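Note that subunit A is present in both complexes that follow, paired respectively with subunit B and with subunit C.
And now, the complex of A and B:
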């Protein structure tokens, strides 16, 4: 346990270091971006005198290192400032958008991982069967299908042609608001079907292919013979094998969630989902720097947090991992 | 009285890329209650395949092509799978070749022993625990180690835990398939003595699979020597005292004898034949220093040389002469050159 605590502390310190690196890179990038806040935010009819006063107020005339330190402090405290266009603190906007994105990603991820594990495990166990062959073929196909294309396709079929499902948005106009209200509302789930399906169709292929190959590896293990000799039912033997095949999946999930935001931006735009990805694109178009900065920062934090959790989880599911 | 295990003219084949390999080709032997039978032979002679067939864990490409495996008179080869599954471990248990990898690494040792109990009998949890502790004590493991994972055990401890697991349901027959592979010599000896002690104490019927003649000579009541999928010599201790088959002679020469340290160890030159396309006559003929043209033409049957002792050689009447000649390394070397 001592070793575990030391490991967590070391890992946390590394985390802080990585966050600092990201913040610094972001600071540099936003310094390089075209336009400065005054030109966007300030009315062109302002007199040079007023502009100068505004700049002074925002601290834009301070030396760069002071600006940098102030920036780091604010980011660390989740104080992202004020949006240039929306009349709300950026931290509030972020909280709302993160919630919306989670409402799309979390159900899709849970389904992908659980279902993908089961399908992949069965495919690996029944090597050479029709089921395995069709699973692998389908997975590779889905894996390589670009989600923006699949997204538009399903919209055309199920929304515009068949009119079964809404074409986008998270809820209908005047629909439920707030996290818990939405979770229990049928309206939200109906809106989730299409984007959720597209997301699952892409994300599920990873666990399927990974579990299949890691199951093939486990299948050669001697301990399976012993389990068979013990007279255990087949189902229990498959459970043993799956439990062993699961180990690489944990690492994969961390990578998978890291890559998730890439596609997420596109999906949110196609399905008009008011999530953080869409917000980022919108903010970049508007040169709404505080929002763009915060969105990037939040995405990075989520990715890092998930990786951190996966690292800790590894020790839980594999007893052979020690932290000495 | 029926034998505990009776193998009758057993044929087992493996599908391979090069055709069907006859891993076991007409093997018969029997083990009576309380007997300790040793099955010896080189790697690939089919001895482990027999163990797998007895436990019903042949790999998917292996099948029993003909013959019977009778356990207490019932042919288990043709038993419905569900019924056979119930018999495993409760009636026939295994001490495996690979203690190192025999346990699932992500479950504790106790969980794995317990699931063997749960699969067959409905004991309350307290009783299961008591039984497992009892067996751990029997094999000399501390009960605190029960909640350990297999990787926390040394190789010898793992094999002892395996023995405990094999005994947990008090099986009628215990199959020990090369139980000392991968262990160092001292631990090997401890494990074998442990098995022997349990066998004597609990009156277990045992089938020991090994390549080590010395181990069989020390432990077993009965010996079956296998070569290339066949039993070439079969009987009690006299198989070692008065071997009749040249292959048995070769095997005895290849292992050190503590009483006669001066003796030179002689290995049998050559390698066992292909099992996909075995030679027509005696399968040992290509490596046998005493082979004649007749040997590579006609397959010798297993015939009784004394009550309860049989061998498969055309020249059993010259066995005494062969025994004397086989002590000369030169004879074997020449056979190797000829082959």
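And now, the complex of A and C:
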């Protein structure tokens, strides 16, 4: 346990260090912007006097090290300032968009993991069968297909040609608002079908392939023979085997969520889903830099946090891992 | 007597070649070993497809009837906008009257260039970092691996989008960003391989024979990680092309070149998904076929390196 505690502390320090590095890189990047924020934000009617006052207000006349320290403090406290174009604090916008992104990712993830586990376990158990071969081939194919083109394809077929499903957005105009109202509304689920399907088609391949290979390993272990000798029915033996094969999946889920967050940008653009990725693209097009950097920062934080959790879980779940 | 003399001349011949030449030979030997890939049906399919792409890219000026940005006109000098596939425009035209087939052909050049440059760049960087980090350990390892951690913490697409919108969009920048994203995995994998290699007897033997660090690293250890590096070149080509397409699709591509991602972006912006399927499908399918062909080669190569995968 001593070793584990030391490991957690070390890992936590590393996390803080990486976040600090990323923040510094971001600070440098946004310093490279041509001109300063006032040139984007302030229209030409402002007198030089007013511009000067605005600069003073934003602390743009302070020495660079002071600006840097202030920047780090604000970011650490999630104080992202005001959006240039939307009349709201950036932190509020972020909270809203992260929620919307989660509304797409979480259902898709749950389906991918549950369904992927079952399919992968069966495939691994029936090694060499037609089912296993076709599952593996399909998964590899889906895994390497460019998912944004898959998204465009399903949109063309199901929304524009067949007109079965809405072509984008999270709810219809004037549809349900608010978190709880929405997740019980049929409207939201209908909008989720297409992007959800595309997400699942890619994300499900991970659990399938992982569970198949870990099942192959568990399948040869002695404890299954003992269960057989006890006279357990085959179905229960599969359950026992699956529980053991699940170990690597737990850490994989965290890593998967982190990666998923990145590809999310494309799906949100294609399906006009008002999530954080789409917000970032829009902010960059509008030169709304406070929003853009907050979005980048939040995405990096989520990725890092999930990786951190994955690392910790790895040790907690598998007692064979030591921290010497 | 004669035997010893033969050995001696042999030895001196080995010594005469410089370390660089010997490293180059190791690279060539590994490349020659790739012949084994032809035993895998999936690799043959992948290589055939890739050959087609390469030929199209090389002979693009002969194949494409129009330039990548050339507007096509009817006999009456009217722009042919959004025309469905016809004899004149094999895959139809865009809303600006450009020939989709020609754009597709020119796009193969961009895909190959982006794929190759980003893969080679990232693998070179990643392999070097992995080699140094794994072999020397200590503070060098610490610094390089923490840099890798930072690189892993940055979500690629969002980061690349921010950088591109701050600088100017250009193909070179996109390739640089992809390299920045890809080297980290190679570095980690190569490092762990080096960690295991450096404890092997042949490394002690080289040390005992008085070889210096650089000699051990590049003549004895590096040739053994080359197969892995090659694997990451293949993976890099695939990922690089995908990332360029994704960035271009989002509107952060180089406006001066015509890539498949940029075609998809233009089609998407123009709402061609409703009206002009012939504009959307070709770039998307070309991209998928390209990625798939690399993937099939990679998969066969992976099976070659790791026989445990060989169960499908």
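Note that the second predicted complex is superposed on the first by the 294 of 324 C-alpha atoms of A that agree within 3 Å, B and C clash if a C-alpha of one lies under 4 Å from a C-alpha of the other, contacts with A are read in each partner's own complex, and residues count from 1 in each chain.
The rule is simple: a contact is a pair of C-beta atoms (placed from the backbone, for glycine too) under 8 Å apart; a residue touches a chain by one contact, two chains touch by 3 or more.
All of these numbers come straight from a predicted model, not from anything done at the bench.
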Three-chain arrangement built on subunit A, subunit B and subunit C clash or fit: fit
First, second, both or neither for A:221, with subunit B first and subunit C second: first
Touching partner for A:133 - first (subunit B), second (subunit C), both, neither: second
Partner, of subunit C and subunit B, that touches more residues belonging to subunit A: C
Touching partner for A:229 - first (subunit B), second (subunit C), both, neither: first
Subunit B versus subunit C as contact partner of A:299, first or second or both or neither: second
Partner chain(s) touched by A:102 [first = subunit B, second = subunit C, both, neither]: neither
Touched partner set for A:261, first subunit B, second subunit C, both or neither: second
Superposed arrangement, angle subtended at the Cα centre of subunit A by subunit B and subunit C, nearest 10 degrees: 80
Which superposed partner A:72 touches (first subunit B, second subunit C, both, neither): neither
Closest Cα approach, subunit C to subunit B, once both complexes are overlaid on chain A (Å): 16
Residues of subunit C that touch subunit A when the two form their complex: 146, 149-150, 152-159, 161-163, 165-167, 238, 242, 245-246, 249-251, 264, 268, 273-274, 277, 280, 284, 287-288, 291-292, 295, 299, 311-312
Interface residues, subunit B side, partner subunit A - complex: 52, 55-57, 85-90, 93-94, 96-98, 100-108, 115-116, 119-120, 149, 151
Of all residues in subunit A, those that touch subunit C in their complex: 14, 17-19, 21-22, 25-26, 29-30, 32-33, 127-128, 133, 136-137, 140-141, 144-146, 148-149, 152-153, 155-156, 160, 216, 261-263, 265-266, 269-270, 277, 280-281, 284-285, 292-293, 295-296, 299-300, 303-304, 307
Contact footprint of subunit B on subunit A as seen in their complex: 221-223, 225-233, 236, 240, 243-244, 247, 317-320
